[in-house]
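Labels A, B, C, D and E are assigned to the chains in the order they are written; within every chain, residues are numbered from 1.
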Amino acid sequence: QTPVKVKIGVLNDQSGLYADLGGQGSVWAAKKAVSDFNAASKGLQVEVVFADHQNKADVGTSIARQWYDVDGVDLIVDTPNSGVALAVSQVTKEKNKVFINSGAATSDLTGKACSPNTVHWTYDTWALANGTGKAMTKNGGDTWFFLTADYAFGHALERDTSEVVKANGGKVVGNVRVPLNNADFSSFLLQAQSSKAKVIGLANAGGDTINSIKQAAEYGIVEGGQKLAGLLIFLTDVHSLGLKTAQGLNLTSAWYWDMTDANRAFAKEFSAANGGKFPTDVMAGVYSGVTHYLKAVEATKSAKDGAAVVAEMKKIPTDDKLFGKGEVRADGRQIHPMYLFEVKKPSESKGPYDYYTLKATIPANEAFRPLDQGDCPLVKKT
Amino acid sequence: MFELIGVAPQALFGQLLLGLINGAFYAMLSLGLAVIFGLLNVINFTHGAQYMMGAFGAWMALNYLGIPFWGALIVSPIVVAIIGMIIERTLLRRLYNLDHLYGLLLTFGLALIIEGLFRRQYGSSGLPYGNPLPGGTNLGFMFLPNYRAFVVVASLVVCLVTWFVIERTKLGSYLRAATERPDLVQAFGIDVPRMITLTYGFGVGLAALAGVLAAPAYQVSPTMGSNLIIVVFAVVVIGGMGSIMGAIVTGFGLGVVEGLTKVFYPEASSTVIFVIMAIVLMVKPTGLFGTAK
Amino acid sequence: MDTVSDVPYIVEASGLTKEFKGFAAVKNVDLRIRRHTIHALIGPNGAGKTTCFNLITKFLEPTRGTIRLNGRDITRTKSADIARLGMVRSFQISATFGHMTVLENVRVALQRKLGTSFHFWKSEASLSELNDRAIELIKDVDLLTYTNHLAVELPYGRKRALEIATTLALEPEMLLLDEPTSGMGREDIARTADLIKRVSHNRTVLMVEHNLSVVANLSDQITVLARGEILTEGPYSEVSKNPQVIEAYMGTGHGAH
Amino acid sequence: MATANATPLLQVKDLHGHYGESHVLHGMTFDINPGEVVTLLGRNGAGKTTTMRAIMGLLRKRAGSIRYQGVETVGLAPNKIARMGIAICPEERGIFSSLSVRENLLLPPVVMPGGLSVDEVHELFPRLEERRNSQGTKLSGGEQQMLAIARILRTGAKLLLLDEPSEGLAPVIVQHIGEIIRTLKTRGFTVLLVEQNFHFASTVADRHYVVEHGRVVDMVPNDKIAENAARLETLLGV
Amino acid sequence: MTTTPLAVTAPQQGFSPVRILIGIVVLAALIAAPFAVYPVFLMKVMCFALFACAFNLMLGYTGLLSFGHAMFFGGASYICAHTIKVMGFTPELGILAGVAFAAVLGLLVGLLAIKRQGIYFAMVTLALSQMFFFFCLQAKFTGGEDGLQAVPRRAFFGVYDITSDFNLYYAVLVIFLIGFAIIYRAVYSPFGQVLKAIRENEPRAISLGYRAQQYKLLAFVLSAALTGLAGSTKAIVFQLASLTDVAWQMSGEVVLMTLVGGMGTIIGPVVGAAVIVAMQNYLASLGEWVLVIQGVIFVLAVSLFRRGIVGEVIAFVKARKEKAGA
């Protein structure tokens, strides 16, 4: 019989702010998933292509449309940057293909903007806020001050985290809205310092997070006994900060390479192929998502009807070596445990990328927004 | 103790001081831009990239050559200045007889190239650079990191020396004259092409120096310059394009204004400089210290 | 606007003063220019002639004093509007539209009267009705052979002629010419002087000029400025004998240009 | 020729010059002896200014030979030529607006001894001292002309290139400039003068070269003007 | 320092038979194009081509470089997307709203900036657009970095269905042609003549009685409005409006397009837009080199092909004609 043709497009940021956390690493992860899956022996002929969306929604959708219309792509994966992700999700629905997002944070993908063709894999703002907010508040960090990036994403993170903090008996003593791409945080950090809050929540991302952590060290904030909680931080960020500066930082992540043997083996192989870099949770999510997708295609015997493939993905449980057992919910949310980590002191680190200590595990059933609270139209229907 | 619009006076002092520190970066960057604009009539869009190169220079000096911060403070600006001079010799030079906008466009392109190359090589999330002067002094109203104090002093000295050379020496009058009629100044016996090259190198060196100073305080990242450069342009316009004193005074001044905005109305702190610019240009089109050309 | 043509003076400036940072370039000058005459403004360098020009055409704001054009107060009027009132100036350095042809240069000046200058939806062809008039003007200043040349390509003296043609296109009642013959060779000087004489018919001309033979031949009335003040006024024959003028301006070897 | 046996200070031979594609100088040939005042006369656009720019090195595209004190200068940069002792007062004056009058005056560096002192300059042009703190280009047209001449007198350059120095000046000042040129001559300066004002030129010059279409077409010693009046008339359109 | 004006190409106008023929061929090609080329790509090119042409109206014909045109492009795009998505406007009304907004914004910015020249003008427009960017970033209705997504493609005038890319293509083509015609007309109009005179010698134009500021202001508003037309159309094509379109990099991109195509030529910006958009599409798989390549093009265009593609072609043809004539 003729093999089922499947074309996978990794659409992400290859040159900008998010290039390090996904970029070529995600492409590698997707290819790795295909070869681990042994696609050929299962009657699938899989090809992986990739493109740079440059963090522009119009570029992203142009590529997506062209991929779907002209190049015969069946699945788009990764796609960090919420704006691009939402746009691609919409195109995917229109063209009835599949979109597995690993890199974007917006929980709208499985909420208001959910789609029968979209699966959200690794994390989302709700999970991040919940993980960090809950675990830290429970561990005694019961007064919070937020440094919030002044735009929709920052506001959402702050709002979600505050709710979690309050729900767990904590208190928010103040916040300050910081303009995007602001290099100097001293002013805001001083305000945070004088608030005497036990935890300073960083509701920002990328360069802003990095600079705020760096300057917090300069002003001796962590030494002074306050804790920093990064709400969206990646292994690559910690790497670029260096342990000396980042030590003591708390963060939530879906995956860390040094947790299981399978993870370590994956990381070792990744590192060998990618010039010594280590994989992030986003890349692991791409691996896991692609694996599950291939299983569904194998079952449906065709990749052409996207909605059918996603329906199949929701039907069979997820299970792979990196993310373990889990499921894809009706709203498209993939469910797995989340973990709270603390960044090690330089003296505790024993090797490259040995950065995190596990502080708490948030079980899968608590890690994500309950199905009925997301306003996803797909859920109401059923 | 009385409060001032809801902010304790100590906190206010603290913020003023912080503003001054930021202003130090603005001042040095806008000074370099003003020198280059004033003398070459080129809006150096590459300035942000050169600032970034300065910071990366410090990082590379440390990581590849083992040169510490204090050495990098000298080495990095010189290297970046030399690269700048090569750019001037090979590319900018051809544009002097054309409309100034071409200079702006060329340097804009160069900025893209430099930023792109660094992103390719070093990724975009940046690299760490340690603090050479850890610790700080408790001033009572705030904790002043030693390093930040050093930055303010260093940049003040650099700014004032530059101002003196350009406004108060013979060299300065050559430079200013060469802005208008390079051919004629050369016909008086002055080697104008070399002077222009050196001037560009100097302006670029200032940017790189600011970059080295920024490395320990901010992340060394390929995008650090492009985020800052637009604000610095605004500072230069407010000060009066090409005015040396204007660049210095407004640099520090706007740092302070921005700092205060961060206390009273942080949401506006990214736009306050542009608002001021709009107002200044309405009232005094040539900028605070500018003279009509 | 009521043209009070019975007022004998087209321009009346009184108490005109301009100070630059404490330095008075023009001090309390009363200048009256009689209709349909050629009036020359002469004086040593830095006397304030160009400044007076700039004040009257409002390229500079007077510090004090009033200016009337045809009896109407224009002290606060903007320079573009002054041109609309019929008073047009030329510049000390030649001013043409370099990358437009001679025809277009003249036509741009004619165009304003059509009232379609803001009409971005009209075709340029709508301007061709002005071509005849433009050619006429070009002929008047002897530029016919250059009609389709770009202005930058013209020799210096011809640029000045083009400028005058452009100015005449506005049909100004009053022309102000700043050193119209400076930098010209003899041939061009004669040609230009001739041209001024011709166009002054039915118009008033105020000119600044250092070439005394031109001044002597053309002007009906002369005002001599020195150090921002009026030294004397009168026809050439009178003024040229004034010892003060000889000392401050003309020197002893004049007249033989 | 009046001083045929002296070695010329400046020798221009078969000089060609271009502005971009347009060929402007077509083999200019003339020379100037030390201590002479020589004029270039000619109609507008004949190439007089261009010749001066070529001598100064400001015209990039030039070919032929220009020897100053026997040294070939075609191919040298303007600053090198200036250091040899040539200075120019350009047609459009070239006053710097970002410099004060005094700074303008002091701008050209002294290239060799023998120039005028600042006090001597102020004596010649008292107006400049009065306005010394104004911005250079705020001076009146004539004042700028004085400044442009004054500033090269300081440098000690031995060969002065004056491009239409009388343009835009009041007759008294023109007279005055004439006196100054004569004074300079007695001090050993050599002057190349471009003039439209023939009357003025004849009061200061030793010899006149007539230029037409980028070529020297005639040379008239000043003392033979009367005899050549008719010829000059046709050449210059007088 | 002497400066040469930015645009020096001589006007090309009039209706010779050759021109009419060329026009017919081009039109036929445009109508047939979506059968050969991916229509979404073509629409993107047209949006940017219109944007670049409108921008060129400012730069090429008044000599004023605006470094803030993204605010009109992105601003109109937001307004169009918002009115259609939230207020239920039909596309033509949405576009109208976007254009009106851009025109008003253009008037406000113009009043502030038009008195400045050269680099000052560039800097002032840049700063004002930066203010506008931060406004869009923080304003609620723009959706922050998510942007305005899923803008419905309603039928034009309630009758012309545009859900298929094919149909939409022809709608966009008509919009583009209208915009282009307006620009063409404006350049070769009495108004265009005065603009040219002002660019060549402003004081002289004033002395002839033209209030230069007003002409420049009208040109600016016109340019802003047409930029708004391009931005609004883009919002409909991509069904989204995002921060990318108001960021200063977008202002830089349109300069690049104009420069590459040939500023001050009527068709240059169209060619430039096509080249750059095609390149961006192609570069999408080149990853990190995007910036570098764009930068190299900038540098090459400025140092070697200053007249841009179309400008160089015109110059080449002219030179050949002259040679043939001589």
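Simple rule for what comes next: contacts are C-beta pairs under 8 Å (C-beta built on N, C-alpha and C of every residue); 3 or more make two chains touch, one makes a residue touch a chain.
What you see is a predicted model, and the numbers here were worked out from it, not measured in a lab.
Shared contacts of chain A and chain C, meaning chains that touch the two of them, come down to E. Once chain E is left out, the chains joined by touching do not break up and remain one piece. More inter-chain C-beta contacts link the pair A-B than the other of B-D and A-B.
Work out the mean CA point of chain B and of chain E, and you get 32 Å between them. Chain geometry summary: the mean Cα position of chain A and that of chain D are 77 Å apart.
Work out the mean CA point of chain A and of chain E, and you get 38 Å between them.
The distance from the centre of chain D to the centre of chain E, each centre being the mean of the chain's C-alpha atoms, comes to 51 Å.
Counting only residues that touch two or more partner chains, chain D has none.
Each of the following residues of chain E touches two or more other chains: 5, 134, 138, 288-291. Applying the touch definition to every pair of chains gives A-B, A-E, B-D, B-E, C-D, C-E. Contacts from chain D toward chain B in the complex involve residues 56-58, 77-79, 81-83, 87-88, 90, 94, 96-99, 103-104, 106-109, 111, 152, 155.
The part of chain C that touches chain E in the complex is made up of residues 57, 59, 78-81, 83-84, 88-91, 95-100, 104, 107-109, 111-112, 114, 116-124, 126-127, 166, 170. Residues 37, 41, 43, 91, 94-102, 104-106, 108-117, 119-120, 179-182, 230, 233-234, 236-237, 241, 267, 270-271, 274-275, 277-278, 281-282, 285 of chain B are the ones that touch chain E when the two sit in their complex. Residues of chain A that touch chain B in their complex: 15-21, 150, 176-184, 186-188, 190-191, 193-194, 206-207, 210-211, 214-215, 217-220, 236-237, 240-242, 244-245. On the side of chain B, the complex with chain A involves touching residues 11, 14-15, 18-19, 21-22, 116, 119-120, 123-128, 130-131, 136, 142-143, 145, 147-148, 214, 217-219, 221, 223-224, 227-228, 259, 262-263, 266-267, 269-271.
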